[in-house]
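Chain IDs A, B, C, D and E follow the sequence of writing; residue 1 opens each chain.
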Amino acid sequence: MHDPRVPETLEGWSVLHQMFRVRWDAWRELAAEARSRIASEAADALQAMDQGETGTTALSTLLGHKGELMLLHFRRSFDALQAAQLQVSGLGLSRYLEATTSYVSVVELGMYEMTAQIHGRLAEKGLAKGSPEFEKAFDAEMEEQRRRVVGRLFQDVPKRRYVCFYPMNKKRKVGENWFLLDFDSRSKLMAEHGRTGMTFGGKVTQLITVGLGFDDWEWGVTLWARNPEFLKDIVYRMRFDEASARYAEFGPFYVSYVVPPAQVLEHCRV
Amino acid sequence: MHDPRVPETLEGWSVLHQMFRVRWDAWRELAAEARSRIASEAADALQAMDQGETGTTALSTLLGHKGELMLLHFRRSFDALQAAQLQVSGLGLSRYLEATTSYVSVVELGMYEMTAQIHGRLAEKGLAKGSPEFEKAFDAEMEEQRRRVVGRLFQDVPKRRYVCFYPMNKKRKVGENWFLLDFDSRSKLMAEHGRTGMTFGGKVTQLITVGLGFDDWEWGVTLWARNPEFLKDIVYRMRFDEASARYAEFGPFYVSYVVPPAQVLEHCRV
Amino acid sequence: MHDPRVPETLEGWSVLHQMFRVRWDAWRELAAEARSRIASEAADALQAMDQGETGTTALSTLLGHKGELMLLHFRRSFDALQAAQLQVSGLGLSRYLEATTSYVSVVELGMYEMTAQIHGRLAEKGLAKGSPEFEKAFDAEMEEQRRRVVGRLFQDVPKRRYVCFYPMNKKRKVGENWFLLDFDSRSKLMAEHGRTGMTFGGKVTQLITVGLGFDDWEWGVTLWARNPEFLKDIVYRMRFDEASARYAEFGPFYVSYVVPPAQVLEHCRV
Amino acid sequence: MHDPRVPETLEGWSVLHQMFRVRWDAWRELAAEARSRIASEAADALQAMDQGETGTTALSTLLGHKGELMLLHFRRSFDALQAAQLQVSGLGLSRYLEATTSYVSVVELGMYEMTAQIHGRLAEKGLAKGSPEFEKAFDAEMEEQRRRVVGRLFQDVPKRRYVCFYPMNKKRKVGENWFLLDFDSRSKLMAEHGRTGMTFGGKVTQLITVGLGFDDWEWGVTLWARNPEFLKDIVYRMRFDEASARYAEFGPFYVSYVVPPAQVLEHCRV
Amino acid sequence: MHDPRVPETLEGWSVLHQMFRVRWDAWRELAAEARSRIASEAADALQAMDQGETGTTALSTLLGHKGELMLLHFRRSFDALQAAQLQVSGLGLSRYLEATTSYVSVVELGMYEMTAQIHGRLAEKGLAKGSPEFEKAFDAEMEEQRRRVVGRLFQDVPKRRYVCFYPMNKKRKVGENWFLLDFDSRSKLMAEHGRTGMTFGGKVTQLITVGLGFDDWEWGVTLWARNPEFLKDIVYRMRFDEASARYAEFGPFYVSYVVPPAQVLEHCRV
């Protein structure tokens, strides 16, 4: 049951990133009144999606030609995610938006170090790997961990203004293959990578979500910072960690900043 | 006739995966009555495609921007597949759908272990490879196997709710080339991969289909689970098997969940 | 003149593969009468393109989302190919078709073995490579070969029902580079590959066309079989030949089946 | 705080490159009067965006099918960049433009040599790396540097006529990985690359901007020259530097030439 | 000034290749009269672009789905190229054309051998590399060469009927990197490649243009032949030269044939 090659993970929010381009032509065809009414309806609906423990939806405004809006949905299940997706596509505003890309994932706390520690503790207790006692004790330990980190599994959307999102894979090339490394090597690399991340603790909030089995890229990284420079600094610095330099492959990057629904719609002249 | 490099295979259903995006703009133009009529007609037609032994069609609803609907057709022949494809394109609903991608394949049971066993048994009987007696005995063995596994070759669509589909190739890079491995090495890797899959037996149902000669990717993997987390777990865990870590290349991933035709159409507001 | 690195080739038909998607929206707008009239005109025109020695055009119907129709034109020259292309684009039906891809090539008989034999025979006669006598004798030998295989250079479209088309390149990667192999190695690999192909002689008809200098892929492979399973079997089996396993790169695959023009149009509801 | 693997950088302008294609069809539909009015309004607005210290916007006209116009925005912040982006999309002209691509970045002065020198000077003063005194002294040195090069961080758009823009990454392949080189090796390679660039000092002005954390490519290169031949010469010559030959990966290239707003609009018949 | 790693080059025509697809739907909407008038206007305008020494424009008709027309512009400057581009987009016909791709470049005569010879001659005269005397003598030699080959730098469009165009890069892979070879190795490979090209002297005319700094691919190759078979033969044969087999990367191939403007328009039913 507990595959020694695979780190245990704890899952939190089901997450959907959605990128939209505004169909300016159609939008401009509308009378100012209609635009205002549609925008208000959308702002109200998006505002109402912020429901604390059952989930929330954050809106940010993208720079560049990849689109104008990013919606980030945190929900308790995939069904709730799709309900959110359908609610958005049911908005009057959606006639004026084109979905350019998306990312389906769940919040994940990778537990390389913790997995090793639990195995160690259970070994100390004399439990044989794979025995029913071991499995039971393991599950209890995991449940304990889950309780401990539940706040990170179901964190609020950080309040920092600038947001960077990018998906990534671990490399599987001939000669450099993450999935062929042994557990300890991966654990060590992730620990080093984590330490670099922690030096940005006061500046950047990271969220790692996993898309394995759901989307084209294995992981999604969402970063929030008070200042766009911090986004560049953390991405640049972490690129020198071996976990990233040697083993990461990056998808497209999206930079945006968070604003309250009412304001972003005004901002985008939507 | 029996190429010692190639595992024997048994073929079942002819299969077509179709992904569709809803053309929301055109759909919204319709009066509510018209939408309702068109959706009912589609639901009835899709329901009627479930014909047991001659084939069936399953509908699921996709998450993310890649589309809203996935249709999975199981049929007895390629002609019947295309009849299904044409029946779908003839629906009133199809005016409001855009086919974004598809995968043409047949259900395949790879027989690495079985191929080796048959060769062994026939050798024990003293039959010379390639002799008419050998060929005849071989065909008889294969026919016997086919009878034994016919239920898996022509299985029903699993009843589990969440569905993951992705196409894949075996790597043919300089230094890591699946097709240059000898039969025994491939057999061993597939056996290990199979064992990992079996640890998910109670949680995930797998269907392997082969697209070689039909579509851009060599194989298609369709997974059904009661819980999306299981989809992630199996894909993540299997990625550490050498067959996958070293030799697999993955196409796009589609995650969806199955619902009865009537319900999914309602669900998608189609 | 006769570059010892390059196998001599004999060229036959100029060939154009055209893939079309039906514009269902526009087509459905038409009255049934109009559809019927346009389809008949197209069927008649395509039927009339079958002109034996001066060329022919075969129609087949594609599975999956890549399109609905494949046209395969055999002509005596590129000018005649383009005349065919223009004739098709001049059909009333073409308003309802979108050309999604194509492949421009000529039928080629690769002559690895023959090239070596001719060189051998001329050497036996004591002719010095590059001397006028050698060149003259060489040309005479080639002309003789051409006469011998003219039936294969200008073959009819095979009568088998299922058709697979895919373009391919020979690999030029660091460490595995077809074009850096010496003549004898390539000759040996092609001979092995040819033998595998011949084991399917009763089941699959192959046509190799060359697109070097004309199109993005170096070669096109068109396969005809009575049964789609044979298409999978030959592609799968040949993938283990070193010529393919180590040195081939494949483009997209198109699977279709041939029907008489009148029938396919009816079939596709075009 | 000061990661010894990462060169210190100084940041200047926030920069947005925008590429546009003219929608000729829609534009031609307009009466000559309307075209003239819309073009004048755009020319005036673009002219007014040149505001010296708070930023400027340069217009150039592209060759080839990738588009007709490139806008280059220099601003003091990302918010100001987006304000510029929205101001452009609010122009009457924007109805007749399609944004085909863009690049979001900030002006960066890479400080390989400087970083090493500062570390050296602080070591000479006996300050221990990471100590508060070291950090404070380091920050003071950086502030000093910033003051020294502020003119290059916030330079005007060069007056040279021909402009080349391309984004690039540093290679991270197995065996050749920029981010796995040690600091000194990278510093040496960048110094060599810089020297080649300096031989074009009288002919070409370079601007390096960094997109890490903001856009798909890590760096953007914008070159200005009086003569298109110089653009070719510098790109060709620098390609032989090891920093580029071995470690650079290039995105698409855009060639254009700068003209005053009024003129370019006339020029493009916009 | 004279970088010993880089071959000297001589530049001729500024060149723009433009590929167009006909918008058949819109074109067919026109009355026959209108089509005829628009086609005549375009034919006249294109004919008038043939202005000898100041430049010319050649029209050819493409095979396959990539488009119907290729325009090849030779001009004295980039400004003149863009004037040509704008003149074309100003034609009534352009409403019925879609620009699918293009290539911006200049005619280049690579001077590997010549560069070496000049260096040799100046060394014999005892001039020290980099000295003012050396530079002056070098420039004089280059000017002399330019005068000698001016006919090839500003050649007419060859009169041969069939045209093949493709862009290419030199490989920069780990282990095989053109730009890391020393000058003499590159010179030797180019000389061998040149000799193969010369064996087609009577059959194929080659034009090499350089897109470095202007377009995505480093070089463009345009070939003219009386017979499409020659195009295949030269591309196939040259692929075995080490310069190409080991070091070239190829973009898409376009095959077309030249006809006088009036005729091609008729031919395409434009």
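We take it that a residue touches a chain if its C-beta (ideal position, glycine included) is under 8 Å from a C-beta of that chain, and two chains touch if they have at least 3 such contacts.
Keep in mind the model is a prediction, meaning the values are calculated, not measured.
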item	value
Steps in the shortest chain-to-chain touch route ending at chain C and beginning at chain A	2
Partner chains shared by chain D and chain E (touch criterion as defined above)	none
Interface residue overlap between copies chain C and chain E, same or different (over half shared)	different
Rotation angle superposing chain B onto its copy chain D by C-alpha atoms, nearest 5 degrees	145
Between chain A and chain E, centroid-to-centroid distance (C-alpha), Å	48
Approximate Å spacing (C-alpha centroids) for the pair chain B, chain C	30
Where chain A touches two or more other chains, by residue	173-175
Chain contact topology (line, ring, star, complete or other)	ring
Sequence of chains encountered when the ring is traversed from chain A in the direction of chain B	A, B, C, E, D
Partner chain A, residues of chain B touching it in the complex	24-25, 28, 61, 63-66, 162, 164, 173-176, 196, 199, 223, 228-229, 231-237, 239-240, 242, 244-246, 252-253, 255, 257, 267-269
Interfacial residue positions of chain C with respect to chain E in the complex	1, 3, 5-6, 9, 11, 14, 16, 18-19, 78-79, 81-82, 85-86, 89-90, 94-95, 99-104, 106, 172-175, 177, 179-180, 210-216
